[in-house]
Structures are given as structure tokens and as C-alpha cells.
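These notes open a run of structures that come right after.
Shared between the two complexes below is chain A, which pairs with chain B and chain C, respectively.
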Partner chain A sequence: MLRAAFTTKPTEGGRRWRRLFLLLGGVVLLYGLLAPLTSLDALQSAGFPLLADKLWFRIATATAMFVVLASAWNLVGGLTGYAAFGNVAFFGIGAYTCGMLISRAHWPLFLALPLAPLASAAFAALVGVPLLRLRGHYFAVASLGVGVAVGEVIQNVEYRGTPVFGGSTGLFLPIFSVDNRDLVFYFLMVGAAALTIGVTWLVLRSRFGYGLIAIRENEEAAAVMGVNTTAYKVAAFALAAALTGLAGGIFAQWNVFINQENVFPIEYNVQMILMALVGGAGTLFGPLAGAVFLYMLIQFLSGSLPVSLDLPFLPSDARPVLAQVILGLLLLVTVIFVPRGVIDFFGGQSRLSLAYLRRSLRETSV
Partner chain B sequence: MVNFLQLLVLGLLAGGVYVGVGVGFGLVWGVLNIVNLAHGALVMVGGYLTWTLFTRLGLDPFLSLPLDALLLFTIGYLLQRGVINRVIRAPLLFTFLLTFGVNLVVINLLLLLFKSDFRSVTPSYAGAGLELGVLVIPFTRLGALVVALLLAAGLAFVLNRTRTGLAIQAVGADRDAAQLVGIDLRHTYALTFALGAACAGVAGGLITLIQAITPTAGEPYTLQAFVVVILGGLGRVTATVAGGLLFGLIEVFGQSIPGSGSVYANAIAFGLLVLVLILRPQGLMGRLR
Partner chain C sequence: MAAAQLELRQVTKRFGGVAALDGVSFSVPPGQIFGIIGPNGAGKTTLLNCISGVYRLDGGDVLWQGASIAGRAPHRVAALGIGRTFQVVKPFASMTVRENAAVGALFGSAEAHLPPRQAFERADEVLELVGLAGKAALPVTALTIPDRKRLEVARAVATRPRLLLLDEVMAGLNPVEVDEALEMVRAVHATGVTIVLIEHVMRVIVGVCDRALVLHYGRVLAEGEPRTVLKDRRVIEAYLGERYARQQGG
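On to the complex of A and B.
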């Protein structure tokens, strides 16, 4: 059902789509890498136009963050086929690891940052062993529960009357003083995104990746073929957790303030899955494309972009609500009509057409 | 000892709502193999209908329950027939996400219609209670428990004693075989979901008696319904009733733990869930499938 993007030769029409996609991706990538450089003082005084202001950096960094989240989820949800709904726990653990080390132990950022993915991965390995024995719905909801529970425990745990992790006030980190802070955090997050994509690429080409796909397609058969399913699943889970935790660690220092609400939001769980799915779960670039597209869409609908949706009959306070409605409807349409994600059209075998939509509909309905 | 008895009573009463929320959720899950993440949102639709009828027309909340059921039955039927039937054969992630999408749409439509203010239903007997010696039993909670048990009994009757119910069970047991003997799959699926939604509607009406509602107040109930169904065991109404009452007890006793029992409500619920799933995956009263 969810197949990897590289299987057979693209058709003639598909090749055109593919070329278009590559061109589009290349332009976006180039813009994403070069535009922020115009904020450097040297280039500013040389008369370059400012292509990246504060808002640009905020949105672009957050987009890169969601690329990490969606791509990391893809390792578990897309490749291994385990519908993990609690990945936000790893994000939060990474953020709190970094936050505690920097604000309480006064570690420098670049010493604390590598520990964030380690803590998340260790936690994932620990809970993964019992959790990954569950299948289907049971795994999905149990992992959701872990996500909720970890946030709750971190907020409430106390030692002799004082909250260990800052309680409901959260943690304040000292501001990371460096020139061009926005630029540094942007490239850190982009680096994390590149790392995630790179790891996915390696996994997709490795024996490990084939093992994961075998588990997704038929776990019993995979076990019979000699795949150590438990080890593979836990490894994939921990790998995803490490990457998610890294994003969390960067987020903590970038945002300066963390609490339960901003590093354990339940909606991130669904957003990262939706991004991976809209783009194409189980593929290399699907989650990337989905994250960029959906994050932009969410920001656009909620009115945070310079260009926004102004409907005369719509009061401005109803806009975020309407954005959620549209997001929900988009979710319905994607799941029903484009279950393989938009990347399916760029792989070269399928073309967006009425027949495609009708086939998707028929494939899964009674 | 008195304290223990009072907690026991309160726990069983709290369980009433969980039974109400759990039976509909369990039916849909057991038969359609869908974990309906929109269940809590549907519960709130029922809650808001009861609230609207109470504040506009002064209708007693218990009397509005049949209307809740009727409204949600209709919504549920159309939802399954029009939308969910389209992905019923897709992998579970898709049905999961689909129902989450429905959840988003319903909650935010409720937000547009009713705003995010707390709404409460306070009939004249809201504060009154039955006093048995030292024990106090609030009327509204007692009523909620009784209604929830009647609801479960009614559902069990429909499922086990009517042709429609048997058809639903047949579809749940073996889709293809059911189709072979002439059961209309689409209609039966829609009926199943409609019944589940109707139960959610009644549960929503009951919840207004116990707490103030907001459009998002139903979300915890989705997760709790899941825990309740797992606790009891999937596939039987009686098991869900046992699970609901047990969950109510666990919640009440958990919150009474001195210190910070109440802030760990979710952690306790999910810790329990994971424990049950690992130690006794078929549930306390369930059969292995």
C-alpha cells in the first residue's frame, strides 16, 4: 500500500512531472540556503536587499523543525508501519534535557545539544521494548499515552516540594549570545533536517531499511526470513527518537523558554504524521515536501504569513478555528483520495487525474 | 472506613459516565475495527444539544437524552455512509487519521457555534443528594449511572436479540461471510457507527450534569473510552460496563492518594493501559480473538 518511491521506470508523462518537481525543489532549496545570508551585516552594507527578516527566520526555522519531526516519524510510521502517535514525547525530552543542562548546570549549548538525542533515544529504547510488542491500534494509542504521560510527569514531578523541571512555570534558558542568532539557529535546524533526510537515505539503502520494510509488509514473514524484528523495531524507534530529540534540543535554546505546552503539544503528533502522509509516507522526500507545504498552509490559514486570507464575512478571531476546520477537511480528502501522498505523482508512475482519484476511492471503500 | 465507602460509591458513580462513553466506542471498534478519535467530539455534540434545550426551552436534561441519541444517530449514520465507509479497507493509520480529521472539524465547528466558554446545565436538583447515614449520593450522578447502565443493557439487547444486532455481530465476525448471506455491508456499517454515535450522544447529555462543558472537553473522554474498553475487553457490552466502573474506581481512588494523585490522572490511566495491554491483552473479561 505504502510503497517506496523507487521501484520501476517512470513513464514519459511521469518524467515531466518529476523534472518539474526537481526544479521546484531545487529553487526552494537554493532560496532557503541563500536568502538568510542576506541578513549578514557584510552583505547588507554591500547593498543586498534583505530577503530574510525576523518573521522569515521564525517561519523558516519552524518549517525545518517540522521537516525533522515528519521525516523522523517516517522511519517508524512510514518505513516500519507502526503508527506512532507519541513522538512528541521525544521532542519534549530532548528539549528538557537541553534546557536542564543549560539553565541549571550552565553547560554550553554545543556540549548540551548532543545529549538531547541521546536522552530521547535511551528513553525510546526503554519504552520501545514493551510498546513495540503491541500492534495496530494498541500500539498507536499506547504510544499516544506515553506522549501524554511524559509531559504530565515532567510538569508535575517534585522533589521535596520544589518542582524538578520547573513545574508549570517552565524553564527559562539564558539567551545564546552570538551575532546573527536567527541565522545560527536557522542553519542548526536546517542541519538537523539535512541529517534526518541523510539518515533516511542511508536507511532506505541499507539492509536495516529493507528489514524495516519487510516488517511493515508482513511481520511474521520478516521474522521467518531472519529479521530480528524486535531489535529492528526498537532501533528504528530509537533512531526516530534521537532525531526528534535533537530538534527538541535546538528548539529549547532557540525559543529560550520551554514548558509543557510548547514542547509536548499533542497536536504536533498529528501534524507530523499528516505531513509525512500528505507528502508520502515511506518515501525519502515525501515528509520533507509535506512538512514544507503543510506548515506554510497552516501559517497562511491562521494569518501568520505576510500574505493572508482576508474574507470580509470572517471575524479575525474565527480565523484560527476555520484554519483547523480546513486542516481537518484536508486530512479527510488526503486520506480518502491521495493515500500515497503527493510524492506519488513525482515518482514517475502515477499522474494526478480523475481516474487516479476514483481508483484510490474504490481501493479502500466498501 | 466511612471514607473508603464514600470513595467506593463515588467511584462507581463516576464510572457511570465512562460506561456511557465506553460502550459506543467499544461497539465501533469491535465491529468496524475503527478507533474512533472523533468519539469525544460526538459526545460533546450531545452535550451541547442538551445544554441548548435546557437553556432555551428549560427542558430537563434527562428528558433531552432521547433527542441527543436521535441527533447523533443521524449524524453517525451519514458520517459512516458518506465518509468513513470510503476508507474502511485502508490500513489502520488511515482510519485513525480520518477520524482525527472528523474530530478536528466537529470540535472547531462547535467552537464557531458555541465559543469556548464553559457551559453548565444546572437543574433545580443539581446540588441535592441522597443521604444514607454518613454517605452522600448526589442525585445527578446516581441518575447518570442508572441511565448509563440502562443504555448498556439496551445496546446489549439490540445486539443479541434483534436481527439488526445479529447482522452487526455477523459483520464484525466475518465481513465476507456476512455479505454472502445477504447482509448489506454499507448499511450495516453505517448502522453500527450510528448506534455508537447515539451512545456517545447520551453520554454527552449525562456529562453536562457532572461538569461544565467546552467544545474540547470531549477529548479526554476519547482516550478514557479507549482505556475503558481495553480494561474490560473488546467485543462485549458487559465487559465494557465492568471496565467503565473499574476505571471510575481507579480514578477516584487514584485522586485520593495524598500528595499529587490528581495531577497524574493521565499518567495513571495510561500506565494502567500499558500494564493491561502487556499482561492481559484480552482485557479483564475479554476472550482471546
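On to the complex of A and C.
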């Protein structure tokens, strides 16, 4: 059973971990915000050393993007307990909303961007009403279906012989001409990540959040205690969609080119869920920690990082496969041994020990 | 006669061809403790589900202070000030005892609806009332069955109901625990809440109820003052069986 993190009183050991964790997090955050600034022309001409090159910008921006995806998924999957497998649809809808408005209607980015979350949220509210009547596996499969279908529809819908959304060619957006583009998109994505964490923080402290957790724990009991379960579930779904759509919108302009493949990838669904689970679903910082850790791991394993593992017996084209295998193993180990996520050790009630793993194994075995 | 707070008129509920409730009518004036008894499968829990909006009626009407509430969703029934417990307890397992009760105070009847801080204060009051104050900080998984039943009541009371539907809160308790639970029911009633109580335990019906109704195969078999109802020959035959009849005789 997942535990509501905001409610637990940490143990003495947990408190020490939490302090260390917060301190480390603070240092990383400060570095993450300040280091990229050294790429500004003014600072460069003043002789500052460049702390972040283009590749690191790209990786950091993508990491922030996954923080948004995993944390937004957490609102539905972690807090409400509905395992949504199709959130990538909202990412794609956000990206295409931005893409169409910018490339076809020639809107400026900052006018188009707010519409991306709106479009995604509207779509989520629409499909959420019938979808969220389903529970458990049925909901998971149906949401996956929606996730796949939306991408197909967007790629294939035609009007008088011409594809409406660019078809299989996709959409090309005019390059956002501004100085220090990398820096702008990095801060945009980090801003979206901060917004998502902030929204989660607010939700966890509100009546809304308690209602969602009550639904997760026992929907019938929640209903007779006065929780409007349908409205709450749809609201959580739409909120997650809005945040996911925002990331999609930023991605569209950042990447300049979007098509079905790069904004509706099915593996994003799995990755965002895995990130939330590994970090700790239902907690505030779990999905953040999971996203940073797993994204780095995926990139490292697939050889996209400047530091990579060179194993003599491993041909370089086998690396993505190895990444998949390791991710699969990680999912197994997490679900069986660390069902509450690693964040449980950092300020939670538990301490990482052999006894903990044994207890988890007992809890999770049938 | 005082105006009824809750009134059922010819309430009917079918599952396939089986009529779980077949034209059940009764009314509960404000301030009463109203007991409903009946053998297993008599339709007692179905009746509560029909009142609290978990089931839709197939016929008849449920009136709350004179206005029909049939067909309303459970959360809207709760908002009117009708709280309930479940026979099979349904705690929010990841939360502490205090948080469970606080959810009741955060939602529930429209005038209750407290913001989080006050909701936790209200939760503490309610836990005091049902005798769980000392266990507020525990996770619910650490509670015994009698305590989980108390928590079930605490959550419902926290919603500030004007009517509380209790579904076998004393089933499975030993005599000492039943006495404690009776005290709890009286304490809740003393705060001005009307109570409809489903029970198996005779002592409870006689001990606290102002009025009792016997349900048998979805129909009302008898209704009246508890002692009178329990002496009714049809009731003894249909529900209490030979053993109780012998006890009455001996």
C-alpha cells in the first residue's frame, strides 16, 4: 500500500536523512540554476568559465521535462491511485497545440504556450469522465488505448486530401530567435518542473488532496463521507494533463520539429510511471528523485552521455537494448522490494536495511 | 406526531429477479435511536445502501425532512447530513487514525466542511468521543477490529451528520466490547444525532433503541417498541429461531 508522504512523522534517523537530503537537494538546485547562467554573453566576456556546454543543457532540459511528466503522473497514479498509462497523449496534444498555433497561425510562443495545457486539460476532462468510471486494470488498458489512439489520429487525420496536422512529415516550427536559446528553454522547463512540484505541494495540503488519497484508499468510503469522487478524479486527471501538456508545448518549440514519433512515444508512458514508482509514488519529491535518477541512467546506458560505459563484449548498438533490460530489472526490484519508493528512506518512516527489504518482500508476495 | 426526519415509502430494490427490499416503509423522528434487525439476507445493509445513495431504488421513495433524496449520489446524501458506517470496515489504510477522522471533517455535511487545520481539531474531538484519542497517531493497520469499528463511527461522526446510519458496528465484538460500543453510541446520540442502527445483538436493540423494526426477506415484519417487537411470535419464529424461543419460554 502506498503511503501519503505528507502525513508521516519521520523517525529520528529519517529526520537526519531528510536534513541531508534537503541540503544536498538545495546545493544541486542552486548549482542547476546558477551554472547555466555562465553561458550568458556578459558573463562570458567577463571571463567566467563556461560550466555548461550544449549537450549538458540538452540533458538537463530533458531531465526537467521528465520531472514534469513523472510528477504530473503522480497526481493521478500516485495520489488518486488510478494507473494512467496514456499520459503521453497529453504531452502530444500540448506539443501539437503549440506547434499548430506557432507554425500555422504564427502566434508568438508566449501566447501559444498557455493554450497547450488548456487543450490537454480539456481533452483529459472529456475522456476522463468515461475512462475514470473504470477501475484497476481496466482503467490502465483503456488509458493506454487513448494514449496510442490520439497519436494515430493526429498523424492520419486529413481534410480534402491534405493532412491537417502535418501528417507523417510532422510540423516544423520557426526557430525561436532569442539570445541564449538553450538557457531560455532550460529555464522554461525547470519552471514547468517547479510549477508541477508546487502544484503537488499545494494539492497534498488541501482538501482536494485528502479527497484524492481517500479515493485511492477506498472509493466507496470516500463517497459516503462526502467526496464527489467523479469530479475529484476528473479534476486530478485534467490537472495532470495540463502540466503534461505544458511540458509538451515547451518541447515543441524547443525541439523545433514534432511528429507522432517524438511527441507520442509509448515508452514515455512506461518511463514516467517507472520514475514515479522508483522515487516513491504519492510523495512530493519521489517522482522528482526518480526522474533525475532514471533519466540519467537511461541516457548513460544508451551511451548518450559524455561519460559512458565501454564494455569490450558489448557492441555499441546493443546499448539501447541493455538499457531496456536494466530498466525492466529495476522495475521488478522496485515493485517487489521497495514498493514505497526510495524516497521512503529519505525522511520517511523507514530505514534502508535488510529487515526492510525482507518485510517488503513479505508484503508484496501473494 | 413530530415530523419525520427520515421517511421511507415503499422502498423496493431488486437484484435480478430477487427483491432484496420489497415495499419497505417506516419513518424516523429526529432524536431517536431506531433499530433495524433481521436474519442474514433480510436486506438490512441493502436498506442502508438505498438510503445513503450507494444503490439506486427500483421503486418507492426516500424522504429527508420531507424532500425526496432518492437517486442522489452518495456524496450529495452525505452533504445533507447523513453519515454512515460500513459493516465490513473500509478504513483509509495508508493514513493514521487521526487523518481518517479528519477526512470526515474535511468533507461530509455541507456545514461541516472544515479547512484542514480545523478538520484535525475536529478529528481529535471525535476520537475522544469514541474512545480512540490515545491511538490517534497510529496507522490504522495497527488497530484491532473493535477499534477499527470505532474508527468507522468516528469518521462518520466527524462529517457532522444529523442522522447516522450504523451498520452492525457491534457484530463480532465480545460482551465487554459491546458494552463499550453501547456507551459510544449513547455518547454520539447525546450530541444530538439521530441514529439508525442495524444490529444482530439483541441486547443492543433492547438496550439503546427507542423503536425497532424487523426486516425479513425484504419486508417489514414488525415495528414498534423494542421489547414488544422482540416478543412478537412471528418475529421469534422468523428471526430468532427455536433457541431464542426456548430461552423466552424457560
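Here is the rule we go by: the second predicted complex is superposed on the first by the 362 of 366 C-alpha atoms of A that agree within 3 Å, B and C clash if a C-alpha of one lies under 4 Å from a C-alpha of the other, contacts with A are read in each partner's own complex, and residues count from 1 in each chain.
Just so it is clear, contacts are C-beta pairs under 8 Å (C-beta built on N, C-alpha and C of every residue); 3 or more make two chains touch, one makes a residue touch a chain.
Remember, it's a predicted structure, so these values are computed and weren't measured experimentally.
J.: Determine, under the contact definition given at the top, whether A:160 touches first (chain B), second (chain C), both, or neither.
T.: neither
J.: Have a look and say if chain B or chain C is in touch with more residues of chain A.
T.: B
J.: Per the contact definition in the header, classify A:54: touching chain B only (first), chain C only (second), both, or neither.
T.: A:54 sits against neither chain B nor chain C.
J.: With the two structures laid over each other on chain A, which partner does A:140 touch: chain B (first), chain C (second), both, or neither?
T.: first
J.: Regarding the shared-chain residue A:106, is it in contact with chain B (first), chain C (second), both, or neither?
T.: Neither partner.
J.: Under the contact definition given at the top, report the residues of chain A touching chain B in one complex and chain C in the other.
T.: On chain A, the residues that contact chain B in one structure and chain C in the other are 1-2.
J.: What does chain C use to touch chain A in their complex?
T.: These residues of chain C touch chain A: 52-54, 73-75, 77-79, 83-84, 86, 90-96, 99, 102-104, 106-109, 115-116, 119, 137, 155-156, 159.
J.: Quick one: in the complex, what on chain A touches chain C?
T.: Going by the criterion above, the answer is residues 1-4, 7, 9, 205-207, 210-211, 213-214, 216-218, 220-230, 282.
J.: Please output the residues of chain A touching chain B within their complex, sorted ascending.
T.: 1-2, 77, 81, 83, 85, 130-131, 133-134, 136-138, 140-142, 144-146, 148-149, 152-153, 155-156, 158, 270, 273-274, 277, 281, 318, 321-322, 324-325, 327-332, 335-336, 339, 361, 363-366
J.: Looking at the complex, which residues from chain B come into contact with chain A?
T.: The touching residues are 29, 33, 35, 83, 85-94, 96-98, 100-105, 107-109, 111-112, 185-186, 189, 223, 226, 230, 260, 263-267, 269-271, 273-274, 277-278, 281.
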